[in-house]
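The following pair of complexes shares a single chain, chain A, combined with chain B in the former and chain C in the latter.
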Partner chain A sequence: MPEFALVSRPALPHSPVGDASRVRIEALPEGHVLHVLAAGGRDITPEQLASLGDGTAHAVRRYAPGQWFVVGNEALGSKEYREKAARLGADAAVSDQSHGRVRVAVSGSGARSLLAKGCAVDFSPSVFAVGATAATLYNHIGIHVTRTAEDGFELLVLRSFAQSLWEDLSVNHGEH
Partner chain B sequence: MASLIRCPHCGARPKEEFTIRGAAVTRPQPDAGEDAWYAYVYLRDNPMGPFDEYWHHTSGCRRWLVVSRDTRTHETYGVRDAAAVAGESRS
Partner chain C sequence: MTAYRLGQGGRIDRSRTLGFTFDGTALSGHPGDTLASALLANNRLLVGRSFKYHRPRGVVAAGAAEPNALVTVGSAGRREPNSRATMVELHDGLRAESQNRWPSLNWDVGALNGFLSPFLSAGFYYKTFMWPASFWEKLYEPFIRRAAGLGRASYHADPDRYEKVWAHCDLLVVGAGPTGLAAALTAGRAGAEVILADEASEPGGSLLFDSASVDGQPAGQFATQILAELATLPNVRLMTRTTVFGWFDDMVFGAAERVSRHVSQPLPGQPQERLWRIVAKRAILATGAEQRPLVFPGNDRPGVMLADAAVSYARRFGVGVGRKVAVFANSDAGARTAASLQAAGINVVALVDARVGHPAAVTVPRIFSGGVVSGTSGSRALGAITVRHAGGEDRFEADALAMAGGYSPRIHLACHRGGKPRWSDAHQAFLAPEGLAGLTLAGSAAGARTLGECLSQGAAEAAAVVADLGHTGTAAQFGAVDGDVPEGSVRALWHVPGGKAFVDFQNDVTVKDLGLAVREGFSDVELAKRYTTTGMATDQGKLSNVNAIGILAEARGVSPAEVGTTTFRPFYTPVSFGALTGSSTGHHFQPVRRSPLHGWAEKHNAVFVETGLWVRSSWFPRQGETHWRQSVDREVKTVREAAGLCDVSTLGKIEIFGADAAEFLNRVYCNAFAKLPVGKARYGLMLREDGMIYDDGTTSRLDENHFFMTTTTALAAGVMNHLEFCAQTLWPDLDVRMASSTDQWAQMAIAGPLSRAILQVIVDEDLSDENVPFLAAKTVSLFGGQLEGRLYRISFSGELAYELGVPAGFGEAVADALMEAGEPHGICAYGAEALGVLRIEKGHVTHAEINGTVTAEDLGFGRMVSQKKVDFIGKHMLEREGLVDAERPRLVGVKPLNPEQSFRTGAHILAKGAEATLENDQGYVTSSAFSPHVGSTIGLALVTRGPDRHGEEVVIWNALAGETVPGVLCDPNFVDPSNEKLHA
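Our next item is the complex of A and B:
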């Protein structure tokens, strides 16, 4: 018997803030986050990347040249993770970051202006269409943004910064 | 303007997302001799005008870039991936 029971606690144990008609901030399930890094000089095809996803839209998110995040709502067991990590063979390294990053959804007609309060990225639909991604800052916190719908965004943030990001979003939401 | 950097991978971003390393000087060969290495480590031109610097897109794609800007006007007229620049100078 271990001396202490291990208790899994969510990084963001909060109810959603706001309502979907204006702006809503919601902590998403802590499923899985995989960080994919192409081996030096290797091209990874969209099909290879899609094979790591759970089949949902926007599961694969571009991060930087040769780097992607693959996210999903279901937790992966170590066997499933090893099986996925082996799919790309020597073309890429796949690092399990499910413990390291959490997701926050920002949605509603005011989502774009709430993000604009902390980000310098141009989120107009002509520049940042559905499916577009950006690694950037919200205030001083590093985030990865994906537009998942016309009025919907997902933010991926380091777990230890999640609470601070939540507070920043909540404060800015209160000004709406 | 140098307050808005057009990263070749991320698009236009504010300078707060970047870390500036300094002049993009070419590293000498290991056996280039003491004078060449002294110059590489310590001597800088501090030009008034066009200037190439290494910038790291720390809060974005995390790539090293070579930013070409004018030190008089802060106008930037080129941002390239540092690996691509190194590839050009090798070939």
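Our next item is the complex of A and C:
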């Protein structure tokens, strides 16, 4: 069935909510999310991890001891994924989570206040600087949050929870 | 008592008038009023009826501790019962109603209880409603329930939004009175992140009514000046209308902010209330002290109130609480109160000081040194008081009585994490426990007695905290305090003997009740509380507890130190369920997990069902099908005769990597996995340590060091945790790593005799039985190389079947393609219901059977349990006597003798002819369904020696529904028992 048009259905087919000057919630492109798991006793260097990314700043996000997510806006085909995974050889396994996890950007001067309505992390810049990342919750939903700019955050969420997260953020956005 | 609005003074805005109603009567007040001050200004003294005796009651306090003035405000969904009138801010259109009275506040039938009071003493419930026992449920309990309770909740839905928020700071200062302001200013100037929270609408605490001055400025003006400086500090956040209600582990404080309660409805976008979780590095309690009432005969008559409340109404709200005010105190607070009231232009007629030899520095017509108030009179409000003194008794007119019985530091939060308060003879009060890591007390919460002490302590504690946190700063200095009148010596006066003297106004507990508790053996403070109800309900004894402890101590002949306090627990004051719930209501009650094939299912008219957080397609009704069974029967038959497509994306999926992954799986499954070839799937049984089955699923070897495990939907997270636990703690030496990929894959089951032909349309490689045999598992190219997927030849239905996993975003497109390719073959979508029927027909188990009490042997998997492996989880406990007992319930099929009869899951199995009793119970039906192929209801059951009893007639007994159905036990594999179709 080679003629069949394959279309990927986005988990969050929504227009951005809010105004960038205050708080804006935006579903990011479903590009790639690579879950890197270092082999027992192997060290993965920041350079090795960065080499998997597409140059996007703060693409590498620590997830657990010896585990990282590497994210980017470009969707990868099977070949590209395999080629990237092979770069780390036996040092690490790479699990493709590009469809399993969805990224949501929260930005603007009120971003911290919106995040505080569901998230216990202290986002003051002295504690959670640009580039910092944490596995946490937004209300009852598990997220992985990264500060990508002074007033910019990215939430990585399991695809099945993405719609609920979007709704929770939108509800809490009301005040802004 | 005649209360009235003073001609001048107060912090109210006299230029504006607000209209409100109380019990339907239109009244007015000013911005800055509370409902209590506005009622007093309108000479509405009677505001409620007491709980037990329905005695007329008036306002006692001016803040959060108010026990009497509980009213219902608002209407419909915004109706708030048990609101303290002293905390309700007046706003235009406010509707308030009194409670606990019928037919009206002035003429209350319940007041007849007062005549029954000899019979309604402490513990009367326990003594009176005991016999006969059968009366309890039908008569006594409904009667008590009707009589008890104060306000009534609304049955309307709350139209407003609530939210929960986290905040973080270096220093949380609780209370924005003089101590808190001094602390916040000191820490703020030093650059610390400060949150200053105060329960009142206006910060300032006692400065708002204190007649002293600081550095030549009146106290109120001084507060304004400090607040102005705080407003310039971006690192200081002032939160008003915010009650810090609890101190929890890890320095988390709970606080409830009444965002919109002071207006008739929330502004757009604003919540009604907001619940804060404040994580503070340090905290200073600047919560002040609660003035105690005095316990004397007739002390509950409207018009009797706390001295500080009377001063507060005069100086903050511009209200005179009476035209002839008497003052009764056991310290210098009496003279101070008299002077403050006089300065506000209020007529003070008497000062009664319980102490001897403390001349008052005020001029009052009657001064009684060493006197006590021994009685009050008046109908529904105070008219006169009687003073007992060395020279006898005097009775004279007074329409308000201000009482000052000493101070109790507000130490509640400091005791929320288990610390016990300490009695101080010097303070005649309980002080906070010592050694509270991270939390200190300052000002009158710590026993300070003057404004000057409060200011300097607040500043000093904050300076110490910020230094400890690495900031540089010095304690804020304030000028001299003038007009500060300390309490002086306090005479312990726990009660004045005589008539009915109330200790706890809210619960109608008298001195006599506490004496009775002691005489009857309930003298321990915790028992006395429960026996008499003192210190219960909405005010939690803020005014009454210390007096009750003093009275218990006197009755027992010991010090209050020995009696101790009851346990302090959150919440400091009541917090609404709305705030605690936050935004998790209705549709947002809990998150919803959507399958990547949700949209596909919607297009096919799916009926959805919630399974845990997941929403799964249950069945797919077609035109003309009016009953779910029609759809499910059709789907089941179509799968067995042609093909069907089912969304199985919700099943747990785990990628397992590592050089030791095979060994790891060999240890977590009871059956062998070490030698599973690449490209093969195997059904695996995972046991718990106790030998019972934990979960099942298939695991495929995709590469030498890469396995793909599936779990049940319900235990996906549980199995992931279990594997991580095993890898990290049991066998850290193994090189194995796990990644959940449940959400990565849209997974479809394509089942039925025609499934191969349909699937072949989109799969690029040959799907013949030779190339893709039963239990094959491999990565395949799809749509001429456009996409890769994972193909597994596994079957839950017993038919020739495959599962195809594709990246989630492509799930819907691939399912569409398969439906298109299958259309000529008659494919249908089938849901979780048909899936259930298909698996029951084949005797395949789910967690209905894997119920936590079954072994592999019980389910017929005994031979799967490896005898060769050295070890695996559950191996050794499997040998327990009870787990190898031949009488254990084991899996068996069951069907009715008469196909027209049916039975339900949960029905029990009895031997034929046995009496229907639980003693004769032989097992129960774990799953049941109507099987279109068998032509009757069929079931799976766990029955004693089940597999040995195929063909035996039994009785299927449903005691709940009163049904008994003759049935027969049989092979649980109802369809194609030789599995020919599976291997086609």
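The criterion applied here is as follows: the second predicted complex is superposed on the first by the 169 of 176 C-alpha atoms of A that agree within 3 Å, B and C clash if a C-alpha of one lies under 4 Å from a C-alpha of the other, contacts with A are read in each partner's own complex, and residues count from 1 in each chain.
What we mean here is this: a residue touches a chain if its C-beta (ideal position, glycine included) is under 8 Å from a C-beta of that chain, and two chains touch if they have at least 3 such contacts.
If you're wondering where the values come from, they're calculated on a predicted model, not measured in any experiment.
A.B. asks: Does chain B (first) or chain C (second) touch A:A135, or do both, or does neither?
C.D. replies: The first partner, chain B, only.
A.B. asks: Scan A:S98 for contacts with chain B and chain C and give back first, second, both or neither.
C.D. replies: Only chain C is touched by A:S98; chain B is not.
A.B. asks: For chain A, which side has the bigger count of touched residues, chain B or chain C?
C.D. replies: Residues of chain A touched, chain B against chain C: more for C.
A.B. asks: Can A:P10 be said to touch chain B (first), chain C (second), both, or neither?
C.D. replies: second
A.B. asks: Touching A:S78, do we find chain B (first), chain C (second), both, or neither?
C.D. replies: It touches chain C, and chain B stays clear.
A.B. asks: Chain A residues touched by both chain B and chain C?
C.D. replies: In chain A, positions 120-122, 127 sit in both the chain B and chain C interfaces.
A.B. asks: In the complex, go through chain A and note every residue touching chain C.
C.D. replies: 1-2, 4-11, 30, 35, 37-41, 66-67, 78, 93, 95-101, 116-122, 124, 127, 139-141, 158-161, 163-165, 167-168, 171-172, 174-176
A.B. asks: Using the touch rule from the top, collect the residues of chain C that touch chain A in their complex.
C.D. replies: It comes out as residues 161, 163-168, 193, 269-271, 277, 279, 583-584, 587-588, 590-596, 599, 614, 655, 657-660, 705-706, 734-737, 739-745, 761-762, 783-788, 807-814, 817, 820-821.
A.B. asks: Which of the residues in chain B end up touching chain A in this complex?
C.D. replies: 9-14, 16-17, 59-63, 81
A.B. asks: Residue numbers of chain A touching chain B in their complex, please.
C.D. replies: Spelled out, the residues of chain A in touch with chain B are 63-65, 120-122, 127, 134-137, 142.
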